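Going in written order, the chains are labelled A, B, C, D, E and F, and every chain counts its residues from 1.
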Amino acid sequence: MIFLPQALTDAWLLEDIQGGDLTTQALGIGGQPGHITFFHRQGGCVSGIAAARQMLTSLGVSVTASVNDGERVVAGQTLLCASGSVAALHQGWKAVQNVLEWSCGVSGYLARMLDLLRQHHPDGHIACTRKMIPGTKLLATQAVQAAGGLIHRAGCSETILLFANHRRFLANGDDWPAMVSQLRCHAPERKIVVEADTPDEALAALRAAPDCIQLDKFTPEQAANIARLAPTLAPACTLALTGGITLATLPDYLDCGITLFVTSAPYYAPPADIKVRLEPDSPR
Amino acid sequence: MIFLPQALTDAWLLEDIQGGDLTTQALGIGGQPGHITFFHRQGGCVSGIAAARQMLTSLGVSVTASVNDGERVVAGQTLLCASGSVAALHQGWKAVQNVLEWSCGVSGYLARMLDLLRQHHPDGHIACTRKMIPGTKLLATQAVQAAGGLIHRAGCSETILLFANHRRFLANGDDWPAMVSQLRCHAPERKIVVEADTPDEALAALRAAPDCIQLDKFTPEQAANIARLAPTLAPACTLALTGGITLATLPDYLDCGITLFVTSAPYYAPPADIKVRLEPDSPR
Amino acid sequence: MIFLPQALTDAWLLEDIQGGDLTTQALGIGGQPGHITFFHRQGGCVSGIAAARQMLTSLGVSVTASVNDGERVVAGQTLLCASGSVAALHQGWKAVQNVLEWSCGVSGYLARMLDLLRQHHPDGHIACTRKMIPGTKLLATQAVQAAGGLIHRAGCSETILLFANHRRFLANGDDWPAMVSQLRCHAPERKIVVEADTPDEALAALRAAPDCIQLDKFTPEQAANIARLAPTLAPACTLALTGGITLATLPDYLDCGITLFVTSAPYYAPPADIKVRLEPDSPR
Amino acid sequence: MIFLPQALTDAWLLEDIQGGDLTTQALGIGGQPGHITFFHRQGGCVSGIAAARQMLTSLGVSVTASVNDGERVVAGQTLLCASGSVAALHQGWKAVQNVLEWSCGVSGYLARMLDLLRQHHPDGHIACTRKMIPGTKLLATQAVQAAGGLIHRAGCSETILLFANHRRFLANGDDWPAMVSQLRCHAPERKIVVEADTPDEALAALRAAPDCIQLDKFTPEQAANIARLAPTLAPACTLALTGGITLATLPDYLDCGITLFVTSAPYYAPPADIKVRLEPDSPR
Amino acid sequence: MIFLPQALTDAWLLEDIQGGDLTTQALGIGGQPGHITFFHRQGGCVSGIAAARQMLTSLGVSVTASVNDGERVVAGQTLLCASGSVAALHQGWKAVQNVLEWSCGVSGYLARMLDLLRQHHPDGHIACTRKMIPGTKLLATQAVQAAGGLIHRAGCSETILLFANHRRFLANGDDWPAMVSQLRCHAPERKIVVEADTPDEALAALRAAPDCIQLDKFTPEQAANIARLAPTLAPACTLALTGGITLATLPDYLDCGITLFVTSAPYYAPPADIKVRLEPDSPR
Amino acid sequence: MIFLPQALTDAWLLEDIQGGDLTTQALGIGGQPGHITFFHRQGGCVSGIAAARQMLTSLGVSVTASVNDGERVVAGQTLLCASGSVAALHQGWKAVQNVLEWSCGVSGYLARMLDLLRQHHPDGHIACTRKMIPGTKLLATQAVQAAGGLIHRAGCSETILLFANHRRFLANGDDWPAMVSQLRCHAPERKIVVEADTPDEALAALRAAPDCIQLDKFTPEQAANIARLAPTLAPACTLALTGGITLATLPDYLDCGITLFVTSAPYYAPPADIKVRLEPDSPR
């Protein structure tokens, strides 16, 4: 459960309805009672439902039934049903649909990655990066958590993460033990994570025994090689794979010995196809 | 040029840097002078540059060179270069990169669609829908406009757009002339646009002569058929194709006689690959 | 129905009550139960009621009865009644009264204009401009729509509207057909509206057949003249009168043949006189 | 000088320009250099100038000349001149014009009231109430202060102000000395102001010697009568007239012996007529 | 009762819970029902309760019992009890605790000061300054009012308060009667308050008879001396003591003849010790 | 360097100056040029300087000299000097002073704690908790980092931190190895921190070898005892002391063998005494 401030769900509505739905007004149907139903065309792991409820409630519409964030639905299943005036329902339609399509797109994609991973590694994890689409942090967080994923790092103050872009400012930017030691000393409560861009860097990093090494854009073979050496060189060090990890490439890495994957692919997943139907309460 | 309020670009920064960059702090390099360079790995039509400038400026960093929104860059070309303290540069890195990657992803994709279209139809247009990722409206708008695209409809009060979800509330939901006439009467300053979900609906709609008909998920053949009849039935009516229009499907529609395409595909384009390099002002 | 985000109605309250009502506190009466009633002294078409309900609810006060936005009330009629603690009621008093006075001022004025117009032209329309008092856009929109008016143009991206301030930047700023043609070509989904400042401009514009011509500050005779020529020159072109259209000047234009009036006068209407009475639940 | 937060002036811009100026875009003139000039058609005491500067600056436009808030201009005088790209200038046009028209309307009206008053009473004052148009508090405050007016009371915690709506909750709501005494005791740092709705109430109030009595909707004769008695009954008590004080009614009260007037009329003054002209830097 | 806008209480939550409570998630206990209880370890005058209710309600948690702002509780007494899902309860824990600890710290401290004062002077008052911790104005205001204190001055436009920092800009900065007279003339509706930094200044100020004199950092003897002279020199002038007034120093001033104390000490009081216990609804 | 969004520093100003400085206005001195100087009366490690610069700049005031966040100043030293109009300077005075007093209070207190600690343990650390005063998170963060302190945990999603309030919901809430193992499994990228409330709990926790154990309210002897056993039981586990750690109690713990202290005491430090002097540019 991710808390969504009122101002955020209000802002999502206002992106679409600053002047009401003109078509409803011109047709003179705004005062009729009706209901709206959101269906998931493809099915999959859903999210954005709590957000949708909050938005519809703000419009004075009553949500009468829904599934919960994180549940799996089948193709065509109803996600949410709500009733109220046609004026309110038409104003909620597209803004809520956008939230559901994007959220379910993310959670559905990530859930499919996790399904694949956990067939091989029941304790494997997929962590999503901070390479988020600007302005979507809370929405992304709820979608990732609904699907059972992890947030890799919510910002640059959460863990220590040493990049080449840091090392370039150091006199001893190749002295991994010195760097890890300095980081441990100055950040005793943080995970010390380093990124390695090549197998050689990974080996050097392993010898410095940080808490975690991210292997960026490694081939499966390169990854497997490092994974084989790690238990000896740095038994307490976690290995993670990052860079180019998607639903399509994940299978190639399932046997490399690393079970923690870091990715931003779900944020850019195709949106789910959410069908929306508005109907009068009593059919004409 | 799309105006971005300070609070928006500040919010994009705060998504990533509420506590500063801990790694910079632990390494003690924050006070050094340095510069940051953003490169476009693939090349294409760029956007988000003005946003990036505004963000970097808010961090006290000086932007020393950049291309402009809407320009085309080649693979590997520099988008933006800025100099300042390492503490500030590292705080700007990822948040700015996220803005550029998403923006350039959208503008690059849309520009490729437009290139394709205009080879056949120099006056053709691609309009992007309000099916935006929640919270990205202004960012999406600048990317679409940078690429030369149109915003189809910024919200549900901008034009009259009659959907089946409206018609279901009308006693005469099949009487297109009556509906169009009522809409014209009650909204004399707005375009009267209707959506047709089938060729039969499109024909019925054409006979009512609205200002525009959106053909939703029509095959190229269905579209061509309607396009052939339109000049006779409703000479002043604009036809638009919507539903499933992407870079991949667009070629199939280039000969159907319709030159206005409505799509949300660019919003979900893969992000551009923006490489970021931080370096000390004087090499070590 | 116009959606009002919580932050907006909260801001209206905070303009008045950042420190509570000191007089209530000094009298020690804040904990007593009481009720508040808002009356419309003059009567007329009302608006701001939904906003008032939302504000009172945020203060923990129960609204027990109210009329609806858009209804007509007679002089002295009750708009809204609510009950709660004296501390809360006194904090709601003035901020809610301000919303009602301004809103009902706008809707009342506009409704009187529409009453006048529709006696002559049942299908006539009055559209309110974007010349709004800064910070009042949503409040103004709900008042205009409650009264049955139209929003002329919610911002400068909603329609194409060619002003002399644009034409001055064109080499061919007098070539109306070329300008209209270029605008149509580059904005196929938008109404092409042009403003004419003189009868000569209006004639030139008519020959270019845009979707709409706004005649700015025309006398009734000038307007009638153009209206007589328009059906021949540009049968599909809508004419609108703008500039100086008020409740006082409208009668002069009722016979000129144009039935669409564009005005900002309602925004500057005198506020309605809303009387507010607070009373203890049990009389002393 | 009233501080205007960036978010406020940004919000005023966004009310008008969320999608840029489409007409400029369709004409392809956005990149040209140009300048914009704001003229005051009628002349009078001006305000909103600092706000306008801040808005134009946020758009990247350079303000090259302006008068200052509070100055008097003659009919046709330039208020502000700025130069920049046509795209930016057209986005600033209407939003800035709205700020100037409303602000100068308020300050101009109030200045005319003050001119009238001070011909008779050089030390007379006009104080503007908190009956402000919702959402305009800071804008109103700068306009009032620019014209030399006072803010009567910025909210209900600034002074003690006893209304009948308070007295109705008291067992001794007619015992003015007891009420004033209680208020003085519980609010030793605040002005004790009471409102009298009738001459009898005013007399009773005077005998209780509060710091100030507001006479609400008194005739000039009633006001003169109280003013004659006050120096004897309560020599330190300030008298103020409120209710229906406008530029039109003020002359009737100039001889009644009271020189402090409380009014909300300036907030509802007609907007000033600000002419805006955009031109290319080099004439075509 | 101080109105707290939704955005403020939402912001307090977001300071702690942008990503949910990870520990709850990792333990898989988020969906269990449970309850949370907040106890006041030391006891005293409480505040922040209404704020806490609003925050818990926003999280979807039901508040089942609570005391009211301004009440006195004994050591160990329950302030608030609420029930809901463990995920929601754990997200509310610390943010709500922070609000209660700080609020109760302020109100408890101030109430102890008032208890002490009113044993000697039943009509004495303690007013809290605008030297507030940045960002805490509304929270501080509710705590001060709950304890029975006054807000001295909510900002620099509420009263006239003449400091040496003003006088230094005047040609006649030592001519107190002239200064007071000018201030009275230009601010007829405001209290005229002056600050005296020395006994000599206080005497000079008394002779000018402002509405109030603040004696800044006076010793008890200095204060008593001024208090003795005031009734003769300026019988209607209120005296207040400011600068260094705390729970520790207050006793020294109880006999000096001044009963109005101005202080910011409560804002910096130690936080109350609020114990928080979360438990399953059915014990394991 | 902590990024402070414009809206935050604007909000700090608005807490004090919504109507300008009335005293300045009534004295008619607002237009004079002058300067303002902020002095640190006691001296110590400073912070809030960057915030103060940003606030003064927003008021149109020029900062002419300042020290930097994190520097040490001696008693009486100037922190900041700025020049501008008296109207602007008086509006900046108190709001900026409040930021500096609170910030310097926090950083000064924390720096004194660190000085004490590092005389004994050059690599010791003090980490400040998320028990922040509501609404002060960014301000607190910059003060803590300026003084050289750490942020313990910016929110409940940053690390895993197991409290008794979590354990109470588990069937096996006493089985520390099982709990730590589950947490490690489900949060592979996070530090696993547990809190022990008694020595027995600490021992049980040590045997489970989490990444860190917080000893809450342990006596120095209890702490020393655990510290002696830890290297054997869990060599990689970090120990931290929390609960009641202040400048006064820290000396008692300097020999216990633990060098990481977690505290919220600095947030509640007495504010620094910042003297502010405004003067005309040319003396009178």
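Going forward, a residue touches a chain if its C-beta (ideal position, glycine included) is under 8 Å from a C-beta of that chain, and two chains touch if they have at least 3 such contacts.
Just so you know, these numbers come straight off a predicted model, no measurement behind them.
Peer 1: What are the mutual neighbours of subunit A and subunit F in this structure?
Peer 2: B, E
Peer 1: Taking shared residue numbers divided by all residue numbers at the interface, is the value for subunit D and subunit E over half (same) or under half (different)?
Peer 2: Same residues, largely: of all residue numbers at this interface, over half are found in both copies.
Peer 1: Specify the angle of rotation obtained when superposing subunit A on subunit B by their C-alpha atoms, rounded to a multiple of 5 degrees.
Peer 2: Rotation angle, to the nearest 5: 180 degrees.
Peer 1: Thinking of C-D, which of A-F, A-C or A-B forms a repeat of its interface, with over half the contact pairs identical?
Peer 2: From the options A-F, A-C or A-B, the copy of C-D is A-B.
Peer 1: Specify the chain most distant from subunit E by Cα centroid.
Peer 2: Farthest by centroid: B.
Peer 1: How many angstrom between the C-alpha centroids of subunit F and subunit C?
Peer 2: 50
Peer 1: Using mean C-alpha positions as chain centres, tell me how far subunit C is from subunit E in Å, no decimals.
Peer 2: Centres of subunit C and subunit E (C-alpha means) sit 43 Å apart.
Peer 1: Approximately how many whole Å separate the CA-defined centres of subunit E and subunit F?
Peer 2: Result: the chain centres lie 22 Å from each other.
Peer 1: Residues of subunit C that touch two or more other chains: which are they?
Peer 2: Residues 6-7, 11, 17-20, 25, 91, 137, 151, 154, 157-159, 187, 190.
Peer 1: Under the stated touch criterion, can you name all the chain pairs that qualify?
Peer 2: Those chain pairs which touch are A-B, A-C, A-E, A-F, B-C, B-D, B-F, C-D, C-E, D-E, D-F, E-F.
Peer 1: Along subunit F, where are the residues that touch subunit A in the complex?
Peer 2: By the definition above, subunit F touches subunit A via 123, 125, 127, 150-154, 157-159, 185, 187-191, 193, 212, 236, 238, 240, 260.
Peer 1: Where on subunit B is subunit A touching in the complex?
Peer 2: Those residues of subunit B that touch subunit A are 8, 11-12, 15-29, 32, 34, 86, 90-91, 93-95, 97-99, 101-102, 130-137, 139, 155-163, 165-166, 168-171, 173, 179, 182-183, 186-187, 190, 268, 270-271, 276-280, 284.
Peer 1: Which part of subunit A faces subunit C closely enough to touch in the complex?
Peer 2: Spelled out, the residues of subunit A in touch with subunit C are 6-7, 10-11, 13-14, 17-20, 25, 30, 58-59, 85, 87-88, 91.
Peer 1: Can you check the complex and tell me which residues of subunit F touch subunit B?
Peer 2: 1-3, 5-7, 137-138, 141, 145, 151, 154
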